[in-house]
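In the two assemblies presented below, chain A is common to both, partnered first by chain B and then by chain C.
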Partner chain A sequence: MATPLGERAFAEHVKSKLDATFQKINDGAPGVSGLAKFTKAWMYGREFLFPRDIRTQERKEFDQEAFKETFEILGKSKQLWRVIETFTQDLRRQLPLIDEEVLEFMRQYQETEDVTIIRRMIMRVAEWWKAWAPVPELGSPIMTAFNMEFQTHFFSILPPTFPSAFKALCASTLGQPADPEMWQTFETLGLLDRYENLVASVCYEQIEARVQETCVGEWSQPMLSQLRSWMADDIVQWMIMPYARAARNPEETRSMLHGVGSRFDFHVCKTLCDLRTTEIFDIIVDFPDSMPALIDLKECLQRVDQRSELVSTLRSLYDHLLIELLANRKRLLHPGADTKDILHQYVSMIRCLRVIDPPGVLLHKVADPVRRYLRERPDTIRSIVSSLVGEGGDLVDENEPIQPLHVQVEDYSDPNWEPEAIDAGPEFRTNKPSDVISTLVSIYDSKDLFVKELQVLLAQRLLAITDGNFDKERRNIEILKIRFGEAALQVCEVMLRDMTDSRRIDQHVQSQKPCLMHPTIISKHFWPPLQTGKLQMPGQYKEILETYSKEFTAFKQDKKLRYLPQLGTLDLTIELTDRTLDVHVPPLEAAVIELFSTKDEWILDDLSKELNVDSSAVRQALDTWVDYGVVSEDKLHHFVLLETSESGSAAGPSRPAAPRTDKSLKEFVGKPAVVENEAAPVMSAQQQEAEQMRVYWKFIEGMLTNLGTLPLDRIQTMLRFAPGYSRSIEQLGVFMEAARREGLVVNTNGLWKLSK
Partner chain B sequence: MKVTVKNWHAIAHWRWDLGANEPENDDIDGEGDVCGICRVPFEGCCPSCKMPGDDCPLIWGECTHVFHMHCLLKWINTAASKHQCPMDRRPWVTAERTVAKSKPTQEPPLANAPPLP
Partner chain C sequence: MEQITTSLAPPRSSPKVASSTNGGEGAGSVTKRLSNELMNLMMSASPGISAFPKSDANLFEWAGTIEGASGTIYAGLTFRISISFPPNYPYVSPIIKFESPCYHPNVDLAGNICLDILQDKWSAVYSVQTILLSLQSLLGEPNNASPLNNDAANLWDSPEEFKVQLMKYYRPIGNDSA
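Let's turn to the complex of A and B:
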């Protein structure tokens, strides 16, 4: 048996609770009238809020008075939350009513793909929503609860195809008149919050499509501004609906769109930037025409941090290109054109990247492999220098201001100072005002190499001048002086003055005693080493030389002339029995033909002895005359003069003089690819080096004779004592290896000795 | 056959005529003598000059030593020189050229030497 005491206490407790509740509900009204009133109100409230099936039942009339009274009573007795709870439960029970309709709409959509069905569906769901929504007078908690219940259910029944359908619906509104009602509904149903990404992606896709459509391969006009105005005209207009419906005036619209707008603007930049990055190689190739594309890219890069992508794209492109080149599978099939083409490409790249990134950080990062590659090529300097002096190269832009090659010193007081770009490496040095040439010259550590090569080139050009007009060279040197500094080009200055002096001297000599010869008299120490030889000019030439020499000494009493007999050119007239030839030939050729005027038949060796010239060179000279059809080789090494032209071979007229003359000219201009060693009048820097090494060979030979065998490093140490020796041990190793191939030395266990 | 020269563009270089003791047919490659003071070839120019040749002439001493004129004058103008030839310490006397001169003014006497740059 339960304790009666406990039972009673429980009963007491229940009773007191019941009383309290009754009191609360009855609100001190007489009898149970309060309770009855409450019950009525409760019934009315529930009835009022109850979510009906709108297909079958009309919504009840909204009675302001009854409503007010009802909820006053419910509020007073603090039972409002119970009403809400009941409403929520009712709602849960009723919600599946919409399922049928929603699914039907979706089914239709899947069949037709017609987005208006989706719109209709959403509007219909909104009708349900409106019918069920509690009146706002009930306060926001009930509204929130309702929305949550409603949306949760609505979203849960939507099939997986809905998001794409919704996106299609959004996209379909682009360019259409605004549809505020629909967007308002979207928001009401929480669709905008839930599918915000979808709405944004509609924009993103529009942007991407637009970029693809209008910008691919279109480099000749600035696209970014066009894209932006397109954004402003088409997209922003649309964006007002999803993002700034609530705006009451343009001011508000602008501020509401600001955040989202800049997001889309970023996307425009990023898309364009991606596109241009993939196109960058062709943009560079197209350079001057692709300027607008570069400016776009620059602007995009400022907005979007994709510099590293650009760098890696460029680098992989160039790595690829260079690997191809190195593997001899050239993009450009002319082996001879390589260096020039690479240089050209490099220069375009310099110009392009300078547009994108004036401080040159990008260039610094990208250019390294190209520069390394160029440094390894033997004719890079020559190519650069020849374009410096304006010879067949558009590497140098005429309009570019010429700037001295100064090592930049940091100017701490520069008010326009800007920090280096964030991706600049530690070895990066800002060299702000550097032009293309400075960048090219900086491929090499010192500019001396350039000056040297320049000197060689200048010498070649000056020596080839016969009409005394070297204004172009003078102008070039003046320009180059600004770049390389006066001092570095002093030597060139002397060379130019030699030219003027030669002319003056010649004018004087001619006035004293007219002479057919007009020599260029040079100051030997200021010219690059010239090809020397001991050619003895025979016959009339000798007289001319001597006469001139005498006249010169008469004019310049304390000076003498020393001819470089193998250099220069002669214009000759060759009169033969049946024809006359006018030719333009080097002295050796002239000397050879002169000898034929004394004797009709010559043996190669005799000619060689007579002229004091190596027989292979004489052979070449003879070939010239064979080409002209003046001489023929009737037996091996035996040449006869053809006083009358050989009709059979018909060499003379059918092989005109032109090609040969061309060649002799070319020898002067010194195209490295075609020059035979002995033909180039001026030794290239490389040949000079070989020449110097020959001197050192004497030393090496001496030490190996005296000391027997020596390791490479001992040879190097000893050579250091030789004046002017500046080779590295690696270079020496290469040289010794070459000597070994020639059979001069043998190498056993790293020890070198002379071969017996 | 007759070969007629119409025009000849030859290349030559000049050298100082240092007198008869020089072999006429000397090696064309020869670096030539250098000035005893600056160690630059006579055909080059002294350190203070930029242009070789007439702008930087030579000077002969009676002791037969030859220098760039500028080099020697600079030396002579120092107190330490005591007006001696730097090679043999004999009193410096500017010599007439070994080669006969038609214009004696070409070799300026020491007293009228132009101021040094």
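Let's turn to the complex of A and C:
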């Protein structure tokens, strides 16, 4: 049989290869003795490496000599790779041996949830690993191959419940004595690499739980430092195991923990920051008790960039608050209370945000809606001003340095200059040194409004002082001068001067001609308009007033006194037949009783005419005397003097003694508001309401006359023109309905018009 | 006291002078003046005259109503007018037009009015109320010397014919009101 050429060549080739291999394996030994030696070595090597079932078989004794010889032979004949390959194949075949145990452990764990089972399992697997691991002398490639095979299989058989079990196991070691063996095993089995996130999340969860547990609602002490020391004491200790096991000295430990440590520190800050952000409203309410929490928040914000979150939280909070307030205002019809509240809130917010962010960028971003709201409130200025002069002055912190109210220009030569915060908007103006009051005043474009209001308030306060002690007001003015500048407060200065001058003038006049009256003399042009009345003081009062006036003119020739008699008070002694009364009354009351000293019986209208005062006011004055039991109304509008008290039987014949002597008629100008109350009989809330509604009705009539028919909401918005209108549309609706019943208006299809 | 008064009085008055020439501050004071005028007008209760801003957004445009005074040929008739205040009010008079047709010697067919106090005789002391009162009296007492509506001026002396013409043009308000 002829052999084709190709076949022969192939055979040649195979033969030469075979020979070469043989030579290699035989190691140039005579005959096949080399081969036999190799075979022995191979068998030994495979046997040595073979992964046995450790449950049934002991590992073979490790014989240094035999091992060395074997692998020398295998290495020399360049067949080591084959050994590894065979080992790998053997390993693959044998690996499923561990399955049974692993699954059994996992089953137990699922039943008991006992993490020690997981630990036992891992340690057991590690035993398998140790039994099977090739000796290190074989070099790293075989080790790598082994580890890969082993881990791949191990991970593949782990049930899905393992990660959480593993995490639980990690967590269980917190606060326990360190367990280096276990962590070493974790690393050996590649668990640490694979579940790094889980280990970290153990930490994160610890941090979050700790923050929740210790920090919620705890604003009165700095928590961040406590958290950090807790971290240092408890967590870092624990972190050494997963992250810095290999460290040989504290120096190394520190450097190994540095990266992960700062990650956890960041998480501490972030968690605390999140918590405080959600709590911010109550923190502000609690200020200044919540100061430590604010300092914490400030520190956290420097670490964590969550300023925008804080801003949006605050803004939405305040939006809600304002909406609520607006709703409240409509419901309660009580504009005064909530302005104070909101101002108070705003001031707390100013203070809080200045702690967190001294340049005021945050405040600037948050405050806008509040400021807009306040600007729209009619009594904001009054509230601010009254706190400026120390009435209900919780808005102003006494300890705060008083600063002039000037727009600050950036001072670049200031060594402490800092650039604007990164999130400062273009319209942000640096106002670093501004205090609370400056911030409040800056709600309005100009401070003139404040100065005006200040004058009114000062007028009220000065006139209410009866003991001649103006020190407090003087001090207020001095403080305010620093804020608003000398010029703005010049008028206030004059007002103060008037008060002291009054005393001086009075002393002079008294020295010329003693008088019972001690007027306060004010310069008309420098005082806010005061309530003027037409009250004509009768009888002896008239005399007193005129005498005094004459003396004054003699003293100050170019000046004339014009009395505002309704603003004073009098101390009277009323002598009646059977009793004497000492009373402290307003001038109108005094005037009324003076008239009774000329005539025992008066008709209301006559009194009114005599005194040139509205009859309702006179009636009120009469009521005072009725209360004192000095007069009584025997018929409607007809009053008689009770010379003897009503209980004391028959009416005495004698004349009433004139209210006499100890009468110091002090021209003392009260608050305009108070004056109004005095002038009119005390109106009930409903009467006041009705009175206001009468004004509003005029406006409604006006708009309906000229604009035809209007829907309710248009009427509501148009009533903006009516001064002080603050009703809700629902109230207006009720009012319009009442007007409709009275036949003043008709409503067709929701449109109101005047009925004609 | 005297010293203070004399030394302080001039600076107090000077800013006021300055503010009237200052446009920015002027707008605010015009608004204030108009608000006050509105308040006064609302509370004055003069019969037959009334006016109110057309919308809550603009205080410078008002609608007004004038009823003819009793005893005149316009008695019982009601006219709608528009009042437009210039930004420099009250230094310049408001512009007033009849919105509803008014057959009158001093009112042209477009509603323009010839009234001295609205032109050269204007003074800042006048107010909406005085203007409305003047217009009301103008209805009954036209100035036939300077007519805008010559037909009406010529007819004035024959009241019956005038009334016929008047009623031909007259549209009662209320039907057209929005």
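Some points to look at:
Following the convention adopted for this analysis, the second predicted complex is superposed on the first by the 576 of 756 C-alpha atoms of A that agree within 3 Å, B and C clash if a C-alpha of one lies under 4 Å from a C-alpha of the other, contacts with A are read in each partner's own complex, and residues count from 1 in each chain.
Note that a contact is a pair of C-beta atoms (placed from the backbone, for glycine too) under 8 Å apart; a residue touches a chain by one contact, two chains touch by 3 or more.
Quantities reported herein were computed from a predicted structural model and do not represent experimental measurements.
In the superposition on chain A, A:Met703 makes contact with chain C only, not with chain B. Legend: residue contacts after superposition of the two complexes on their common chain; A:Ile544 is shown touching chain B, with no touch to chain C. Contact with neither chain B nor chain C is seen for A:Leu80 once the two complexes are overlaid on the shared chain. Look at A:Pro587: by the touch rule set out above, it reaches chain B but stays clear of chain C.
When the two structures are aligned on the shared chain, A:Leu641 is found in touch with chain B, with no touch to chain C. When the two complexes are overlaid on their common chain A, residue A:Ile479 makes contact with neither chain B nor chain C. Contact with chain B, but none with chain C, is seen for A:Arg562 once the two complexes are overlaid on the shared chain.
In the superposed model, A:Pro723 lies in contact with chain C only, and not with chain B. With both complexes superposed, B is the one of chain B and chain C in contact with more chain A residues. Looking at the shared chain after the overlay, A:Ala131 reaches neither chain B nor chain C. Comparing the two interfaces of chain A, the one with chain B and the one with chain C have residues 490, 494, 497, 501, 523, 525-526, 556, 558-559 in common. Those residues of chain C that touch chain A in the complex are listed here as 1-2, 4-5, 8-9, 12, 35, 38-39, 41-43, 45, 50-56, 59, 62-65, 80, 173-174, 177-178.
For chain B in complex with chain A, the touching residues are 1-17, 28-29, 41, 43-44, 50-54, 57-58, 97, 99, 101-103, 106. If you check the complex, the residues on chain A that touch chain B are 463, 466, 490, 493-494, 497, 501, 516-527, 530, 532, 534, 540-541, 544-545, 548, 552-553, 556-565, 567-577, 582, 587, 590, 593-594, 596-597, 630, 641, 643, 681. Those residues of chain A that touch chain C in the complex are listed here as 490-491, 494, 497-498, 501, 523, 525-526, 556, 558-559, 695, 698-699, 701-703, 705-709, 714, 717-718, 720-723, 753, 756.
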